[in-house]
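Got a structure for you, questions after.
Here the chain labels run A, B, C and D in written order, and each chain numbers its own residues starting at 1.
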């Protein structure tokens, strides 16, 4: 089952045109991934980094932005993992305006499992592989 | 001819893993687009917004991240417009590590011309259309 | 009674030294002020700006940082208004580590009531004046 | 002699009210401090952290904001060190609008010298102590 979390649009997230600055939407995706780890993977992203010395840097990003979010909106970010490779995973995000469910953006982000000390690719640990797969069921 | 600008990697741009947080790389692209307007389009992006009430919000993004930038690096961002449609333009970015020219990321961003007061699509004004096209020659 | 809200420390909030970048702590204060408006003032900060065309830009800031927040922490931000002048208000913030209540930072921020269209000082509207005063009781 | 550097106000630095979000002004101060290290201290802040394992986290901040910076402005940030203690230094910043020199903000930031591995205070190394002192002459 996909994971979903709500993120308030902050004053600082918006640009002089009154819209959420689009790199901030990628930040919302990352925040949702952090929440996903805590809720579904049995560890926080912080502990994953500190204790297992593993991170998931982004190697590929694709996104479409349909409807702008504006100051005063709340974002609802849904995330699931559509594919788990040997040392990477593909996260699918939908960002909706929480008030009415209108889809504002979709993003597909490929994250590589990386050892943080040696900065090289490592296999996705089995426990995360399973948690990732369950999000797509 | 493509436009190129240098952007120092700031302390705040980097995450606890020591790498530039990937949404910040999109921010670098936007900063390069702002510089591109000032250098090649005969107006600043700020004046474009204030006086012509036109903005170019992002409607589609694709990016690949090859090599991480780290704190202490300087980014060199090259930008040109590969396609100009009726009311949108496709900007192509290459982000290199300035010290040795290593390509760190590539991004393709589609920007829609928007009237900021009515928040609706408008045709790309001719003067920008020409400046955009020249960047690809 | 002071208002209190929790803010998760995000990956992006932390710098390469692993600590929350100190300007982000001011951002947490602003986020808490936004929540304070929604919870205590009968309007959101977004509606205040959009409908009443009033904002509260910061004119003076003082802060002490005792203990760093790190990635993995959650911040608890307490806010109350210690003084309401004719056209300004003084907000007092305490940022604690939510897990154990350790005080990490204190900030005093003076916000001026400003008409957003004319960018000039205006009196603090009475309804906010009262809500502000109640936070200190 | 004080050190001075120019920082363009980016689209993303501005809020929906059209003004530079005030925590971003502290970010400008940090960026100026980074440039100050590179220009005056014989090392970059990045190398200071990586090679000497020393950082200068902020322990106290005071600032006044006189005139807002808006999108389209360029900031000129002047910095000097007014006091060097055993394990801290007091940096004085003036942020001006580059076009006309109007003072927009002043900030006084106390930075503590910290060993990044043990996260404890250390004496300010002599070479930086001297470079700091020269900035006030």
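Here are some notes:
Just so it is clear, a residue touches a chain if its C-beta (ideal position, glycine included) is under 8 Å from a C-beta of that chain, and two chains touch if they have at least 3 such contacts.
This structure is a prediction, so every number in the text was calculated from the model and none was measured.
Common neighbours of chain A and chain B, listed by label, are C, D.
Superposition on CA atoms relates chain B and chain C by a rotation of 180 degrees, given as a multiple of 5. Here chain C and chain D face each other with the same set of residues for the most part; over half of the interface numbers are shared between them. Using the mean of the Cα atoms as each chain's centre, the chain most removed from chain C is B.
Looking at A-D and B-D, the interface holding more C-beta pairs in contact is that of B-D.
Between chain A and chain D, the centres computed from C-alpha atoms are 33 Å apart. Work out the mean CA point of chain C and of chain D, and you get 23 Å between them. Chain B and chain D have Cα centroids lying 27 Å from one another.
In chain B, the residues touching two or more other chains are 11-12, 16, 21, 23, 27, 30, 49, 71.
Taken as a graph of touching chains, this assembly is complete, with every chain in contact with every other.
Of all residues in chain A, only 8, 10-12, 27, 30-31, 34, 44-47, 49-50, 71-72 touch chain C in the complex they form. Across the complex, chain C meets chain B through its residues 11-12, 14-16, 18, 21, 23, 71.
Contact residues on chain B toward chain A in their complex (touch as defined above): 16-17, 19, 21-24, 26-27, 30, 49, 55, 57-66, 68, 116, 119.
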